[in-house]
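Take this structure, written in structure tokens, and hold onto it; I'll ask about it next.
Chain lettering (A, B, C and D) follows the sequence in which the chains are written, and residue indices restart at 1 in each chain.
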Amino acid sequence: MNSDNNIFTVILSCPDRIGLVAKISQFFYQREMNITDLDEHVDKENKMFFIRLEIDRSGAKNKNFKKDFDNLALSVNANWTMKKNSEKVKLAVFVSKQVHCLHEILWLTKIGELNADIKVIISNHEDLRKIAEEYEIPFYHLAVNEQNKIEQENAQLRILKDNKVEGIVLARYMQILSSKFVKKFENKIINIHHSFLPAFKGADPYRKAFERGVKLIGATSHFVTESLDDGPIIEQEVTRITHKDSLFSLKRKGKDLERKVLARAVYLFAENKILSYENKTIIFD
Amino acid sequence: MNSDNNIFTVILSCPDRIGLVAKISQFFYQREMNITDLDEHVDKENKMFFIRLEIDRSGAKNKNFKKDFDNLALSVNANWTMKKNSEKVKLAVFVSKQVHCLHEILWLTKIGELNADIKVIISNHEDLRKIAEEYEIPFYHLAVNEQNKIEQENAQLRILKDNKVEGIVLARYMQILSSKFVKKFENKIINIHHSFLPAFKGADPYRKAFERGVKLIGATSHFVTESLDDGPIIEQEVTRITHKDSLFSLKRKGKDLERKVLARAVYLFAENKILSYENKTIIFD
Amino acid sequence: MNSDNNIFTVILSCPDRIGLVAKISQFFYQREMNITDLDEHVDKENKMFFIRLEIDRSGAKNKNFKKDFDNLALSVNANWTMKKNSEKVKLAVFVSKQVHCLHEILWLTKIGELNADIKVIISNHEDLRKIAEEYEIPFYHLAVNEQNKIEQENAQLRILKDNKVEGIVLARYMQILSSKFVKKFENKIINIHHSFLPAFKGADPYRKAFERGVKLIGATSHFVTESLDDGPIIEQEVTRITHKDSLFSLKRKGKDLERKVLARAVYLFAENKILSYENKTIIFD
Amino acid sequence: MNSDNNIFTVILSCPDRIGLVAKISQFFYQREMNITDLDEHVDKENKMFFIRLEIDRSGAKNKNFKKDFDNLALSVNANWTMKKNSEKVKLAVFVSKQVHCLHEILWLTKIGELNADIKVIISNHEDLRKIAEEYEIPFYHLAVNEQNKIEQENAQLRILKDNKVEGIVLARYMQILSSKFVKKFENKIINIHHSFLPAFKGADPYRKAFERGVKLIGATSHFVTESLDDGPIIEQEVTRITHKDSLFSLKRKGKDLERKVLARAVYLFAENKILSYENKTIIFD
């Protein structure tokens, strides 16, 4: 949400070893670039090093550094990504019939709360075309069934490619994506599951929660992996219910939770604050 | 926590039908007993009626009503219990080696926050004898193994009977009670499980939570049934963790949660505010 | 949110005395009306009795009871109101320039989450006319200044009267209403204040919170009285902030809180679940 | 809580400028000391730089670095402190009559949850001598009144000096400390106030909260400054109350909150995770 082209964010992970912070911070200092924010984490069990830096290069004489930084990264066996803060992340939203999550994302994007650009909405139903039109986002209806699944996924992938989509939000999309699809967008597909995972995986979690008699219901946003509802968790939250709550009122409370938790995950994604490692996330916040 | 013998609580459940509140409130009005608190719930799905009343009979000419009330209850097919608020509930606490939950219950009882009388502490280990002595509560060490389980449970039951124990608190007791034992204390054994049930049932839930990468950890207090970790839930709460939390710090946070959630369940039990029905609880609070 | 004309809610308050529940429940039982929900509270300090009943009169032979009930109410010195659950409450929303609270209320009303009918939007600025038009709600721009305040309030009152408005939502309306205006809508004007009242009353609470270095920020919805920010509190909630939050990010978090807390208050109002007494609210939920 | 003498924590603050992270991390890298944890914050408004580092010097050939680091600090105009993680912080606890906060601190210290050594308990009343004895902590009864205040503070200061006390916990101590006393322990005296500050400053906050009709009550731990209840806030939390809560039950809930919030603040202090700046705290957690 910054219009300044000189501010950017670097996220890097590599095996831990002595001197990493020194090496990295020295790199930017030598180039007269200022570290305006730094968040570091060492996973002592797995001996892994993770860092997020926000850099201001407005004072730098030479603003190019990518090749040099890549050499540094190679030398410590690191993965890294870089993103200008002024650039909006290009998103696709996949939906079915329920509107509340889609609407929250559209609205927050419209008023500038999410540093994102919603390029397309893709759905297996026609129901939500109208809201897409209201927000002036292209809407693609691709009905999916067992027979045409591969074909429709290919169509989806073409749309995503044409729109240079960088991340996908499953806003209560009721279809399971194929392994092939998921692999193309590893750690880039954000789902919202309407339970406190790993409790109540799969279908109809609210009914299961109601029948179990829990005192709190939850929502979980996570990256999608091949294994349903098992991907790295980005954000979770709960809300209190009582014996007075019917299944209907429980769902009502749950919907508010879902849209909040999904919006928070999309926010973190758009701000480049998530790093995944070994089926967990590091949230630099 | 009231020294007045005229204040008492009635809890009643029966199939729902028209006129129940009228019938019950009329009953006490006719006897010049004042309803100082009333909480009612109708489970519309199961067509069941639940009510908790707090009654002040200080103005009544004739303070006996039990037989008459039993007739009323019979006429509507109701279960009911009655308890003077001034009477402390007699509890046994079962423990193994961990002290934090036991200590919380002992301490809150000592300072009068729990309307309870801890009659005995029973353990399969010697470790916590000292704290029992400090609080001047009889401590019984009954080591349980596969061979002597039935025998030791019989010994436990004798101790409970001798002490007229009305409720059992499993304060991180690491043994599974037999069906026979559980049936004798149906909806009277309160357990604390160190996860947000039904997630992470069984052993070592904190490690499971850590490995799954959840963003919130929980604790659940529930009545013990024959099926492990599946009984009616009384209270649940969660606390936030992040990627910075090691398994060690996660457990540290969890222990604070466990003692809080267990204490809350014991409080509700001692105040006669819990009614169980179909593997759920109604909390009149 | 019930289309059944036979379900209605009664709220009643009166000085406490023995036999009130019996009297009231008897009244409906005699008329073959079923109490499907009952919530009662006695303020022991002030010796006041409060009750909310949900009644199903579908089985009653004679569905008229208002006159009789009024006689009952008179006999115990009670105030009472009655509302069919199927009837939507007619609301006006007052706004200035900020959109987030208005949008939340409009959206939740549109999708049926609020049992309300937004009749008009009134603003002292033109800014939000477009969203009013999108939701097809009449928008009145009545610019208020020191000179025309009385005149403009009269214009507002006429609009409210013409639309039979039953409740007013101040969705970040930045004008203070006159005593005369407030008295006409006693306990019917819901405001959202962007702090945890009574902390940070008055202008710019987020800046004050930021400068004080609080670790939680809050939002408070309350009925408007003559005394600014001092009316009966309906709902409050907080969210955690840290030293990393700038004033900007604090406001971002705050806006999410505001719309949630205001929506909750409007929900309770529309469901007839609020009773005010002595500058406090009883929330029958 | 680490027995390893080679792990230590450095906290440093100075005016922000380019290259600080590089300079500091380089310093430890050159000495073959490993940064195992790093948390940095830049206050952009005040152009201030704050950093906390956890260092492992077990691999270093020369473990002395204090003089050199002091030179570095001087060169960037920094304040800094250093603490071995294995060293327990020496605390005094000041109390009056209420036991719950004292008990929580004693208990958590005893079981090793707080990296602290409680050297003395000082009170203006005799009431809590017994619990001090149970925990085998020296107890000093210094009754304070208007006449002897200066004299008694001098006695307190002598006790603190004799015991090399590094931090003071006011566990519901009902006396106001003099400016002179406070200045000697700047940012080293932790108080618990039983409200969500800045709401309900001063005496009897629970009564004020009850009378105001708030829906959440809070507790606040803060460093003590000359100005009552206005020092830098370390931690705050809230809990929900309803119209059903009497002043008595509100206080019961509040006490649980107070001891939790105070224990959290003492934990952060003992782990060297708090840095104060301009009446705010930076919590490195």
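In the analysis below, a residue touches a chain if its C-beta (ideal position, glycine included) is under 8 Å from a C-beta of that chain, and two chains touch if they have at least 3 such contacts.
Predicted, not measured: the structure shown is a model, and the values here were computed from it.
When the interfaces A-C and B-C are ranked by how many C-beta pairs touch across them, B-C comes first.
For subunit A, the chain with the farthest CA centroid is B. A separation of 42 Å divides the Cα centre of subunit C from that of subunit D. Separating the centre of subunit B from that of subunit C, both taken as means of CA atoms, is a distance of 37 Å. Shared interface positions of subunit D, defined as residues touching 2 or more other chains, are 44, 244.
The touching residues of subunit A, counted against subunit B in their complex, run 41, 43-45, 196-200, 212-216, 218, 232-238, 242-244, 246, 279-283. Every residue of subunit D that touches subunit A in the complex is listed here, in rising order: 18-19, 21-23, 25-26, 28-29, 32, 34-40, 42, 44, 59.
Those residues of subunit B that touch subunit D in the complex are listed here as 99-100, 103, 107, 111, 113, 134, 244, 252, 256, 260, 285.
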